[in-house]
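Each chain gets a letter, A, B, C, D, E, F, G, H, I, J, K and L, in the order it is written, and its residues are counted from 1.
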Amino acid sequence: MTDHVYRITEIVGTSTESIDTAIRNAIGRATATLRNVDWFEVVSTRGEVADGNVVHFQVTLKVGFRLEE
Amino acid sequence: MTDHVYRITEIVGTSTESIDTAIRNAIGRATATLRNVDWFEVVSTRGEVADGNVVHFQVTLKVGFRLEE
Amino acid sequence: MTDHVYRITEIVGTSTESIDTAIRNAIGRATATLRNVDWFEVVSTRGEVADGNVVHFQVTLKVGFRLEE
Amino acid sequence: MTDHVYRITEIVGTSTESIDTAIRNAIGRATATLRNVDWFEVVSTRGEVADGNVVHFQVTLKVGFRLEE
Amino acid sequence: MTDHVYRITEIVGTSTESIDTAIRNAIGRATATLRNVDWFEVVSTRGEVADGNVVHFQVTLKVGFRLEE
Amino acid sequence: MTDHVYRITEIVGTSTESIDTAIRNAIGRATATLRNVDWFEVVSTRGEVADGNVVHFQVTLKVGFRLEE
Amino acid sequence: MTDHVYRITEIVGTSTESIDTAIRNAIGRATATLRNVDWFEVVSTRGEVADGNVVHFQVTLKVGFRLEE
Amino acid sequence: MTDHVYRITEIVGTSTESIDTAIRNAIGRATATLRNVDWFEVVSTRGEVADGNVVHFQVTLKVGFRLEE
Amino acid sequence: MTDHVYRITEIVGTSTESIDTAIRNAIGRATATLRNVDWFEVVSTRGEVADGNVVHFQVTLKVGFRLEE
Amino acid sequence: MTDHVYRITEIVGTSTESIDTAIRNAIGRATATLRNVDWFEVVSTRGEVADGNVVHFQVTLKVGFRLEE
Amino acid sequence: MTDHVYRITEIVGTSTESIDTAIRNAIGRATATLRNVDWFEVVSTRGEVADGNVVHFQVTLKVGFRLEE
Amino acid sequence: MTDHVYRITEIVGTSTESIDTAIRNAIGRATATLRNVDWFEVVSTRGEVADGNVVHFQVTLKVGFRLEE
């Protein structure tokens, strides 16, 4: 059994719709440039408000990916 | 460039439906009495259970608004 | 007014769909074996990624239930 | 079932006697000006010392109250 | 010297009187069903308010007990 | 010796110059509308960047003031 | 893909030898009574000292196991 | 106005009776050897259990005292 | 309104002079290699001491920048 | 004395053997691609369990390295 | 290479002028009685307010010094 | 049953070999000058890296000892 090493990077996904979409947007963008993305963890959830409405959910994630040997 | 000052107030929105709706309910209520609400941050997410179902999501938010000069 | 005592147990609900469903799955499973479940609190939200998509949301909850006298 | 919204305010009660009295003093003062106070949570417990004795317990509380519709 | 293993369970004691009594109520209830309870640690202190008074102190504890071999 | 009660409010001071000035700006604004402001505590320090420079320091403070009897 | 639910229990392993052994002792004891143990996380590391030596490492773990459907 | 410097030391007071007494015991012992003790802050509250009863409250405090010039 | 994605990187700025300069040094260096740097948050402030003087302030920052589509 | 700037990256080392080896594996892999690695800090220690045994220690580290001017 | 041991002590520096000066005052006082002071870390930043102005910055530091063999 | 009072001091043990040895080095040094050392708790684990290798593990501990009456 090999001893893998992983890296964790921190990204913020945003969405005008929902927290779940903000997460999916962040993962979609991260996997466009990183290989072997395996897991994420939510660090914080914030948002922008304008005219009395939530205009953006902003979800900060730690994203883990396996480094190739 | 003016040096603005903001206040942060803590509110709890609830919803029988979803976390996102609980947040939108809280923001809707906060902006009914506060001007210049700019952003929010989720502090905690809790809920009430009855008869084996989630009957209320309760999301605590910090809400920031700009003080007028 | 009686002085009740409650227990808190920690569970992880998962869902391929959404954070809200992961929470509802966890509560559904917890209430299948525990009586008097009253409330929950989200401890952390994580997820699994495969082929550039979120394949599982994993929500860790503290779940509180009243102990019978 | 209505979706209530609550506000949380932070107060510090003090007492020369005990932690419990400091909490009761804070709640007594808060309910003198706020309606619908429902719950509190202890944030921190500090105190002042003089001549080798505790002269004041200072208990910081988050206090939650329901906003009227 | 044997290497013992302990389990930690989380409980909430309540009392209409005081924080100390809420803790003693929790420990009394825990030791009614668990053997070898050795220690506790306070996790949080909350309370319920009605008509301007504290009607319940609610103290969440981690309770440790030694598992038998 | 009277048992005082204090309130804590959360504000964000900003400054184009320095962290110390952001704090002084926040305290100046808070004391314009609140009486008996006694102390503050720094909660977080953030800032805005543009064209490679810090354009605003943003310091979040808890500010405590004594409630009048 | 099934939506599994997991439970997390907290245990303390001890060892006169090393931190690693304290963890292995805790996992050995947990798996003696729980099925489907999948992962652990270290919560804290403490120890007992006597006559100037470490006589026991005490490692508190969160241990996760899959609930059967 | 002189710029004082303070030191903070950490102590654990115990009591068979109550949390308040454990704090007073700690402060009494600290002021027996330290001059100018000014304030304390509760860090954690733990206790020892035997035969189903709390036999000791153990309160960890940070204690601040002014250094003489 | 586009759903942007941001990355957060962690850097440590140092300065022999002041905390503010350590932050400005970190931002200056970060913006030399990263485009679209928008904000920072202070994570911790440490320093090096020699011969009774502060010889270096070391400020750890989270720095956020927008990823290009 | 020059004002250096450092970057911090987060990695997870794994080992079938021990926590120390998991750390050394992470540092070995990090220094294969990064120059001037100076220090690390343990963020969390987790592990995978199979058939009642620890099959992998997983240690998350923050790793600091000096940026070249 | 010798295995050094360090002690960490907690002190609070104050200044009527600035956060940086409060830190330098604390380090100046600490090095007057302790040898081999090597580093510090800011724990919290508070202050006293009077007549609408900051009259004292109070910075709590952990200060590390090498113990002699 | 006497109400003991304990003090807690913070020390950093280092070792070129392992985390366990760094802890034992810290305890060995602490007990050379302090009587009645009873327990420790790990606060953080850091290390120094040179030429791609861990050259020092640095473990920060809280160490508790009973004060004599």
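Criterion: contacts are C-beta pairs under 8 Å (C-beta built on N, C-alpha and C of every residue); 3 or more make two chains touch, one makes a residue touch a chain.
A quick note: this is a predicted structure, and the numbers were derived from the prediction, not measured.
> For subunit E and subunit I, what is the smallest step count along a path of chains that touch one another?
3
> Do subunit I and subunit J, two copies of one chain sequence, contact each other through the same residue numbers, with over half in common, or through different ones?
Both copies, subunit I as well as subunit J, present different residues to each other, with under half of the numbers appearing on both sides.
> Any idea how many Å lie between the Cα centroids of subunit C and subunit J?
32
> Report, in whole Å, the distance between the mean C-alpha point of subunit D and the mean C-alpha point of subunit H.
Roughly 22 Å separates the two chain centres.
> Can you check how far apart subunit D and subunit G are, centre to centre, with Cα atoms defining each centre and the answer in Å?
Chain centroid spacing, subunit D to subunit G, equals 38 Å.
> Name the residues of subunit L that each touch 2 or more other chains.
9-10, 19, in rising order.
> If you go through all the chains, which pairs of them touch?
A-B, A-C, A-I, A-J, B-C, B-D, B-F, C-E, C-G, D-E, D-F, D-H, E-G, E-H, F-I, F-K, G-J, G-L, H-K, H-L, I-J, I-K, J-L, K-L
> Which of the residues in subunit G come into contact with subunit E in the complex?
Those residues of subunit G that touch subunit E are 9-16, 21-22, 25-26, 29-30, 55-56, 60.
> Across the complex, what residues on subunit F touch subunit D?
Residues of subunit F touching subunit D: 1, 3-10, 62, 64, 67.
> Quick one: which bits of subunit E touch subunit D in the complex? Just the residue numbers, please.
18-19, 44-49, 52-54, 57
> Which residues of subunit A touch subunit C once you look at their complex with the stated criterion?
For this pair, the touching residues of subunit A are 19-20, 23-24, 27-28, 31-32, 37-42, 63.
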